[in-house]
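Encoded as structure tokens, here's the structure I'll be asking about.
Naming follows writing order (A, B, C and D), and every chain is counted from residue 1.
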Amino acid sequence: MSIEIKIGDRIANIEIIRQFENLLEIKVDEKVYQVDLMHNDEGIFSILENGRSYNIELVPKDKPKNYTAYTFYNTYDVEIIDAEARYKRNRGGGNLHTAENTISSPMPGKVVKIPVNEGDIVAKGDTLITISAMKMESEYKSPKDGIISKILVSEGETIDTNQLLIEIE
Amino acid sequence: MSIEIKIGDRIANIEIIRQFENLLEIKVDEKVYQVDLMHNDEGIFSILENGRSYNIELVPKDKPKNYTAYTFYNTYDVEIIDAEARYKRNRGGGNLHTAENTISSPMPGKVVKIPVNEGDIVAKGDTLITISAMKMESEYKSPKDGIISKILVSEGETIDTNQLLIEIE
Amino acid sequence: MKIKKILIANRGEIAIRIMRTCREMGICSVAVFSEADRTAMHVRYAEEAYYIGKSPSSESYLNGDKIIEVALRCGADAIHPGYGFLSENASFAKKCTDSGIIFIGPSPEVIIRMGDKIEARKTMIAAGVPVVPGTTEHIKSEKEAIEVIRSIGLPVMVKAAAGGGGKGMRLVHREEDIIPSVRAARSEALASFGDDAVYIEKYITSPHHIEFQILGDQHGNTVHLFERECSVQRRHQKMIEETPSPLMTPELRATMGKYAVEAAKAVAYSGAGTIEFLVDDNHNFYFLEMNTRLQVEHPITERVTGIDLVKQQIKIAEGEKLPFKQEDLKQSGHAIECRVYAEDPDNNFMPNPGKIFNITQPLGLGVRTDGYVYEGYEIPIYYDSMIAKLIVWAENRDEAIARMRRALYEYKITGVKTSIKFLEKIMETEDFKTGIYDTNFIEKNKDFLTEKSLCDGECLDMVMIAAYVEYLDQLNRAQTSKQLYPAQNRWKKYTYQKNFERL
Amino acid sequence: MKIKKILIANRGEIAIRIMRTCREMGICSVAVFSEADRTAMHVRYAEEAYYIGKSPSSESYLNGDKIIEVALRCGADAIHPGYGFLSENASFAKKCTDSGIIFIGPSPEVIIRMGDKIEARKTMIAAGVPVVPGTTEHIKSEKEAIEVIRSIGLPVMVKAAAGGGGKGMRLVHREEDIIPSVRAARSEALASFGDDAVYIEKYITSPHHIEFQILGDQHGNTVHLFERECSVQRRHQKMIEETPSPLMTPELRATMGKYAVEAAKAVAYSGAGTIEFLVDDNHNFYFLEMNTRLQVEHPITERVTGIDLVKQQIKIAEGEKLPFKQEDLKQSGHAIECRVYAEDPDNNFMPNPGKIFNITQPLGLGVRTDGYVYEGYEIPIYYDSMIAKLIVWAENRDEAIARMRRALYEYKITGVKTSIKFLEKIMETEDFKTGIYDTNFIEKNKDFLTEKSLCDGECLDMVMIAAYVEYLDQLNRAQTSKQLYPAQNRWKKYTYQKNFERL
């Protein structure tokens, strides 16, 4: 059975056909590859395919089944869509809806200012929170018109990546 | 309760007195130290003691409770003597006796030549096996007069560190 | 006086860079660290290390009194401030001296004089060094502002006398904006520095930012160590520096170098310092400011002159005479520095602190790295986002660019986003390759620089395959006992055949 | 002809070093690998990589036919042999040429001529280059041997004409040993090389080993790139090289350089090569042999001259003319190379292959590392034990030694035993510091070099404390669930309080 993997706009179907130790025959969509693949516990891969040498490193992201892939040339966001993920997707339409109702931190930092209070009416584009990291301040704005239903952090607090900060109704 | 640790000729008695997160009060023989100790899963230690900064790395050896310790200045063989090890020592007098009856490989390599056969009578100093590694050949000699009771490898075979090669009776 | 122990009042790459020279000179180095920096490399590299306070700089690396207390306690002869933090803080320099500790840098008087921008302009004018046309006193009235700006001609910059970091600065293009801009600059200056004095300078459109390294000893000997071209900037921060400057001619270099030395002599400068100039395409140059400390980009000067600048700083602080004269110095070959920031170039260079997974250092011929992060290190959120500097040298500029591309290609830092790929793109930009660029470079080439160079379909398929195997492996790992020492068996062949059915 | 793709018929650091230059020149690099080298760095660094056979060199890196087959299959224009393996194999060079592939090195004829030691001696004598006194023909009878040795004077070396690697060589000190030595050398030569021809040379006691780097193009232009002092050796293998040689005077350099160029011209040498000389304390020098390839220690020459030797090799192979003349070249500053071997200096330099745990690279001003091992890599048992080269540069020799000490101090490779600490000891040896040393250096300073510099009692106590905590931590780890990604939480505070009671 195959799984789906998403990189950027592309979703491909991956299926293993045969394996002998580090030699794999593997199908990516309709294309069949014979690869010599070695990897280690730290997610570092060396793949030889038709003589070409590829170095790939996969670093897990905070969300399970999500990786950042590093090649010598570029960086990609990779998402594994297995049965479980497919089920969730079909059921709830993903996180998109949720995301519109919340502000999360894209990076670790410190809360500098929260110019709103719970219950405030805000318009799309209003600044809801200012975060500082590495001598630089960034303002995060409301994704929509609404009412601040919950503020989960306070000024001066240190926050992690992907931490939920503010909910809007 | 304390444990003993052996480095070179010295066996010291180590006992923890108090601990608060990375701050330890610890006794080495009769000397009490206040140290700020941080380490990671790879055995790398940063110790600050009375302002001095120490970097120590511990790499486990093939024998359990045995480490190689690397400081910026030197390398040490470290052995932990806990209750279990003490029991074994007291009972059997350690591995010393065993060692005299065997030839083990000090490093990985390849068996080049075994000029003896099982049952041969050998004298102390006779060459029993030649090992090659990295373009260099080394000869291993009998530690005593005796009879070759067992040859566990054959010519051309690749061997690991500490692998038992030959037994002498 | 021979210095035996130096406290380095800094962190990150510059702290380690200074400690390296200390070690080569047989000088004991003392680190200080904040709460966030207990496991930082400079703490581990130093011979001694002392805790000085909480993570925010204001409670640690900017706490001069605490640092002096540590220096006295551990018996340090001298303090090296590095760059940033207390490096241009005159009162800290004075307190060091008053406590009997050598401050490795110029005298507090010189720091004060060069720190006040109006004062610095006046000093330079008196020494005959060209400055950007503008006022030499702070503006007393809005009426005066209008008159002055009319005489200089638009566009102009209104700048806070006590300014820095882009605060209290306003660019004025239209006459009707003069009064609002002066007011805004004043109020921002007051809020930021407690001083609303502003002055006015002609605005040079898209200038080159070129600086001269100078060294002066305590015996009146001053030399310059040639220029550094620093025009590749984003958010007014330098990204790439090179020497020689592609804009430079031998005549211009001689002239600017002479002025740089005169500028330093005008204040009897001792130590390492930098005279920054703005230069237009017609080779007109103007004194911009003097940095009374070591610069981030000092290694490119070290590489083409062969001189260890930190060693010279220490020797000057010991009272030694400079061991060379101007005519002994020469530039050989070409050096480029790239600054590696933990930031996201695709998202307006947003800082990206976090945990470092793996690092592959670029090595080999002509490559130098000065960094401080290591595998497993968590970059703190409190400090600057620069994590490493990559310096290459080659016989000529084309080779240096090729070598920098090679080094950037090899350089891998995973776990956080970095500017490495963006820097690689800069090396491929036509304007950079031809050397025809100014401070507008990044803005001008934005489209090319942010263009994604996706690898071909096959390469993407390989990423998919790797992800697939990683996923399988993880399923497998979650179900079997894990190894105690992953390092003992990092590379391996597969054992997860049984997972294939489970998908 | 412009070369677009090069197959590197080698492994380890030299393969990567060559690929770096290929990348800088925009040339595609092709790796070949044995079974043991699937995860070796050169395979991962190259753009293409092909399997060529089992782990023993004879079945892979020495299998010329297989390598040529791969080169043809992947469309490589040229093969770079590196050093060792097939680099001085004339028949391989010829096969390359016959297959239409450029062999990056001299012609097969030159390799043959310089590979036969008697032939090389004759060529040098004809070119007027001083050689070690001795025979120019192989010895025809034992009677002749006695006569010749009497005329040269004892001690002498009896050497196999086809020799190498110390085989078929006998040192003769006493007259009565002559005949047994000649016989022994002959039979060993026959067994090793299938040729019992031997010749006789005066034995120079404790000479200096000094070599000159030369470059010749296909148009008859030949230059030398100055000397390298290679007298620090163990088991006839170099450990440390430096340039300039502390023994050298400008006059001697000019004379020896001239002879080196003449030696190369005598065989119309094209490519990079090395003329090795023995030099005694009175500055008498004798041609020893020519190496018709790149040397391990080439980076020190690159550092003081600024020239990328691999790039020059490739350009020469493309048929280009040398871009410089002798008078354009100069040495600036001082460079030292230390070879890091995976070996145990406390146990007669016994090789120590195994798994690398952690590596900390020395970085910063004036430091270059060329290596190939990485964390988690298992050094194979089949190949050379050299795992890295550390090259430093400074303005003068004293600074270079201080920098090398600093770099060796920083350099940490754990998991296998290495020569790093031994190299550090060499830097502290009085004879090395003063520069008064010859090939007898290690033997002479053996006691000092193998002396253990234990850290003080307190330092040892810290090791004890670390071991104690590590032991506790391991007890703890054995009992709680392990993390999937140790890298996510490498640094941590303790949670093993509960283990204290269990002890």
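Here is the rule we use: a residue touches a chain if its C-beta (ideal position, glycine included) is under 8 Å from a C-beta of that chain, and two chains touch if they have at least 3 such contacts.
Worth saying up front: this structure is predicted, and the values here are computed from it rather than measured.
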| item | value |
| --- | --- |
| Mutual neighbours - chains that touch chain B and chain D alike | C |
| Distance-maximising chain from chain C - centres being C-alpha averages | B |
| Centre distance in Å when chain B and chain C are each reduced to the mean of their C-alpha atoms | 48 |
| Between chain C and chain D, centroid-to-centroid distance (C-alpha), Å | 38 |
| Approximate Å spacing (C-alpha centroids) for the pair chain A, chain C | 32 |
| For chain A, residues that touch 2 or more chains besides their own | 22, 38, 40, 42, 52 |
| Multi-partner residues of chain C (at least 2 other chains) | 39, 357-358, 376, 409, 415, 486-488, 490-491 |
| Touching pairs - complete list by chain label | A-C, A-D, B-C, B-D, C-D |
| Touching residues (chain side chain B, partner chain D) in the complex | 1-3, 5, 7, 10, 12, 14, 16, 19, 21-22, 24, 26, 28, 31, 33, 35, 37-45, 47, 49, 52, 54, 56-59, 65, 67-76, 78, 80, 82-83, 106-110, 132-136, 138, 158, 161 |
| Residue ranges of chain C touching chain A (in the complex, touch as defined) | 342-343, 347, 350-354, 357-358, 381-385, 409, 412, 414-415, 417, 421, 452-455, 458-471, 473, 486, 489-494, 497, 500, 503 |
| Chain B-touching residues of chain C, taken from the complex the two chains share | 30-31, 38-39, 43-51, 74, 376, 485, 487-488 |
| Of chain C, residues touching chain D in the complex | 16-17, 20-21, 23-26, 39, 299, 302, 306-308, 332-333, 355, 357-358, 360-361, 363-371, 374-378, 394-395, 399, 402-403, 405-406, 409-410, 415, 474, 477-478, 482, 484, 486-488, 490-491 |
| Interface residues, chain A side, partner chain D - complex | 22, 36, 38, 40, 42, 46, 48, 51-53, 55, 60 |
